[in-house]
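Listed below are the structures to be examined.
Look at the two complexes coming up: subunit A is in both, with subunit B in one and subunit C in the other.
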Partner chain A sequence: MSIDWLLIHSPALIIAIPLFAAFTMPLIKKLGNKTRNGVAFATVLLIEILVIMLAKDVFASGARSYVFGAEPGLTLPSGYIVPIRILFHVDGMSAFMAIISATIALVAVIYSLKFMEKETALDRYYLLLLLMMVGMFGMEFTADLFNMFVFLEVLSIASCGLVAYRIHLADAPEGALKFMVISSIGALMVLLATGFLYGQYDALNIAQLAKELQFNFIDKIALVLLLGAFAMKCGSFPMHQWVPDTYSVAPAPISILLVVSTQVSLYALFRVVFTLYGISSNVVVVGWYLIVLGLSTLFIGVTMAIPQKDIKRLISYLGVSQIGYMLIAVGVGFSLFANPVEFEIYGFRAIEGGIFQLINDSMYMGLLFLVSGALYYRIGTRNLDSMGGLARPMKVTSICFLIGSLAIAGIPPFNGFASKFMIYETVYRFNPIISIVAMLVSVLTLAAMFRAFSAAFMGPSLPEFKEVREVPKSMILGMVILASIVVFFGLFPSLIVDNLVEPAVRALISRPSYIISLLGG
Partner chain B sequence: MIHNIPYLAVVALVAIGFWAMIFRKNLIKVIIGIAIIESGVNFFLVALGYRSGAYAPIYTHAPSGQMVLPVPQALTLTSIVIGVAVLALMLSLAVQIYKKQGTLDTRKGVLKK
Partner chain C sequence: MQSILTTPSGYWDPLMWLFGLAVAIGFALFIRSLGQKSYNKETDQTKPFISGNPEVSKSESHVKASNLYWGFMESLKSYYSKIMRFHTGNVNDYVLLLVFVIAVMFLIIVLAGVI
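Moving on to the complex of A and B:
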């Protein structure tokens, strides 16, 4: 079992190991709680290492395909006219997304060790958490439209179980049901679109479909269904109401995984737009669709956040509005796709800003949710009005919250500034008004975060919080990992953009090389 | 025209499902709406897989002639299995909501702490 063997099989192993570990959880439970936690932690750590190895290889030497049930590289069955293999394809963008999911899952498990200690049925908690990872990696790696539907459903069902995990809370089943209704409608729309495309081209393989796509009337219907479904799942404007209801009732480590799962839907959206349809669709219309969706998401999200009294609902609404930045940036880039000169000048850079924003968003949103979880852990409420003066007993937590809120508002030197500045300067050249609205939203975000910070941490210490202490070490570790990533990305943005973001964006926009590497010249 | 009847049925099923989901206030009826959409989508996949004059791929000793590629049937089976799981999950959550709020009407729910 050499390193090469591991690398060749790692796309399958990254799915298979958590799947296996997930279903052994109820058995491992019999060996005691320590063993169960240890196995869950070891699994996510191993997956993180595998993902980083795979990503390093993909960034250095190009995309990797994995064929199930055949020699590596034999992506077309011999003697068949249509490619009906089960394929995984890991290019720069998939590897980039896999790094985000693996890192956040690692932090979520570290945080859960103490945070969830008092809950019951933790074997099932870790089971569903690992299944969520399976769903995310599956959606990132698959090169097949139907498998994308299957993994989307795996992700949705597992997340739904975890959202309703604290079923004793009064509003938990409601949030979970809302989430499940939206997810299943979205997934059914994806399946319907898959049917439309299969009926015409007899293929499910994304590369084969992209090669043959003609953008006729039926393809347009399929595009509308796919865009609608994934936009719904990533919590953009007209369908954003499920986000706060779901995030606020889920345990904090699950909220951060839910943030990543909305970003995985965003990845699926970008994959459909860039790889499946690409230049053969009407790029200006699709690009403007994304921009308008992004602008309304930005604005509605932040205006709904300001009056919230529940800290997790406030952060969730800000999370909704952050999705808008990525939609705008990528929409601007995509609408310039047919115009190589302008695309080279600022379109490419706009997409880079959007994708950089994606990794930054997952880190600072994760940090903020973990801090709100820490507050809930110690004082048992999410209501901002009943908090106050908590900066004295909970020093590390309050510093982490401050870092997270400055990053989300786009204040230098944190990572939010680095990516948002890239978005502002490129979008300004495209259309100044969009850029101005985006900056205004950033100011409103700062206002909302400042209100939350002063309500929870500033002011005189309240008598009922005399006994409050700092949270346990493993929870601190989870928060500090994310906080240091936020600061590091903010201090060295060009390092991250050159080494992580640029290969990802190059892979995302190069539709011909996706087709060639799967189907051959 | 006669070949299009299954597709018209698909459109009708999906439309009825969306109508039930959007305009009904009872949670069980919303869930039934989703189940109807799902049947419509499954029906669509099965209808796509039909080729007149070709054999279904269910024989060990196949008669000579064209045989249908069984991909749509495989997709439908997978989707039915997923659909059952989703339906069971949603109904169990509806039971929990009924226990907590005392009603399934989305307009009347009052949280019992």
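Moving on to the complex of A and C:
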């Protein structure tokens, strides 16, 4: 098995390996808990390595397609004739998203080793976690609208099972039920839109549809359904209310995977806007739709975060708010799409800021959720009013929380500042008021995080926490990995923007090259 | 250099910023070192003075999360009463909002034909 073979088949392997590992989990558990944990860890580590290899190749040599069910001679995109086979297409944007998903999944499994130790039926926990990965990678790699629906369902069902995993907690089944209802309705809308497009064009392939799209009445209905469903799934206002209900009750390692799953929905939204409909629609209207959605999400998210007493609900609302930054940045870029001069000067940079914010958000949100999990692990509550003085016994945890808090508030030199700086500056040129609101939201975010930090970690040692000590090493490792990424991305933003973000944005906005690379010239 | 992020109007250099921060901290520590050192630790000289009242116990002096930003919440009471009412926690309302957004987009994109 050579490296080339691995690279060629990596899009399929990245889906197949966790899928295989997931369904063998009930058998592996017979070999003992350590073997089960070892297999789960080895799987996510292998996937991380494969994703990095694939991403490196895609960034260096261009997009990579993988055809399932084709004749051997027709596996290359240039041999593509009729869009009847299942296609995976990994371009810069897909590879970028896969890096986020694989890294967060690796951290989630490392953290889970100790965090979930006291729970039962962990084979099912790892089974569902690996299925979540399958759903995420599938949505990122697929070049087919129907398969996107299938992977969305895989992701939603696995997520729902994991949200309800700690069924002995009263609020877990409630959060899972809400998530299930809202996900099912969203997925049905995606299916309906897919059906409308299939009925018209006899195609499910995104590139084929993008090529043939006439933007008629039915196409517009499909666009409305897709925009609504994915905007809801990514937690934008006013459809954000399921986010705190779900994130706060899930186990902390699952909360961080849920953050990535909402970002995958955001990716799907961007794919619909940029690749499927692209320049053929009125870019100014769609751009402003994203901006208005983003502004309202920003403001409502942060103002709802401030009065929260539950630390995970507070972080969840801030997570909602952070989605707003990405929507605004990409909306500004998209609305300048039809104006090549302005797009080149700052539109492209605005989208880069939004996409950079996406990876940064997954890292600091992940870090904050892991810290909240560490607090819950030691003191058994999420209520900020019951906490205090925990910085003394939990030094590493408190430092990690401080790093995450400063990053989410956009304080230099952490990663949140770098991406927000790009967004403020480019959006200011488009419309100064939007930029000022975004900066005000950053100040409110800092206020909300200061409240949480002050309540949980500062103040005198409380007598009820006399016995509290630092969390186990695997949990610390999970937090330190994310904290290191937050600091590294903040200190070397150009390294990330030039090597990861720019190729991703170029792939996202170049609709013709997506179509040509799949359908041929 | 990989740390310098260029933008349409300028650039951002985090390493330079860190250097500036280190200089500022060094300067602050220098000024602090010039301060009075002749006080006696663990005596009344280092205890807080609360207008002659006795110091409350450590656990009672901790400011709880609910007590932070009381003024902020009070001044925005009318906003928060509306926004809290909007967040019902009822999944029926979540679906209703989704349908509402879809309907608004339908009116704008499909019927009004702005796209």
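As a working rule, the second predicted complex is superposed on the first by the 510 of 521 C-alpha atoms of A that agree within 3 Å, B and C clash if a C-alpha of one lies under 4 Å from a C-alpha of the other, contacts with A are read in each partner's own complex, and residues count from 1 in each chain.
Note that a contact is a pair of C-beta atoms (placed from the backbone, for glycine too) under 8 Å apart; a residue touches a chain by one contact, two chains touch by 3 or more.
What you see is a predicted model; the values in this text were computed from it and never measured.
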Subunit C versus subunit B on the shared subunit A, clash or fit after superposition: fit
Dominant toucher of subunit A (residue count), subunit B or subunit C: C
First (subunit B), second (subunit C), both or neither touched by A:393: neither
Partner chain(s) touched by A:161 [first = subunit B, second = subunit C, both, neither]: first
Which superposed partner A:223 touches (first subunit B, second subunit C, both, neither): second
Subunit B versus subunit C as contact partner of A:181, first or second or both or neither: both
Touched partner set for A:192, first subunit B, second subunit C, both or neither: first
First, second, both or neither for A:492, with subunit B first and subunit C second: second
Touched partner set for A:245, first subunit B, second subunit C, both or neither: second
First, second, both or neither for A:202, with subunit B first and subunit C second: first
Superposed model, angle subtended at subunit A by subunit C and subunit B (C-alpha, nearest 10 degrees): 120
Closest Cα approach, subunit C to subunit B, once both complexes are overlaid on chain A (Å): 5
Subunit B and subunit C footprints on subunit A, overlapping residues: 177, 181, 185
Residues of subunit B touching subunit A in the complex: 14, 21, 27, 30-31, 34, 37-38, 41, 44-45, 48, 69, 71-72, 75, 78-79, 82, 85-86, 89-90, 93-94, 96-97, 100, 109, 111-113
Subunit C - residues contacting subunit A, complex: 1-9, 12, 14-15, 17-18, 58-59, 61-66, 68-69, 72-73, 76, 79-80, 83, 86-89, 91, 93-95, 97-98, 100-102, 105-106, 108-110, 114-115
Sites on subunit A touched by subunit B in the complex: 82, 84, 146, 149-150, 153, 156-157, 160-161, 164, 167, 170-174, 176-177, 180-181, 184-185, 187-188, 191-192, 194-195, 198-199, 202, 204
Residues of subunit A defined as touching subunit C within the complex: 177-178, 181-182, 185-186, 189, 215, 217, 220-221, 223-225, 227-228, 231-232, 238-239, 241-242, 245, 281-282, 285-286, 289, 300, 303-304, 306-307, 309, 345-346, 349, 384-385, 387-389, 412-413, 417-418, 421-422, 425-426, 429, 447, 451-452, 454-455, 459-463, 490-495, 497-498
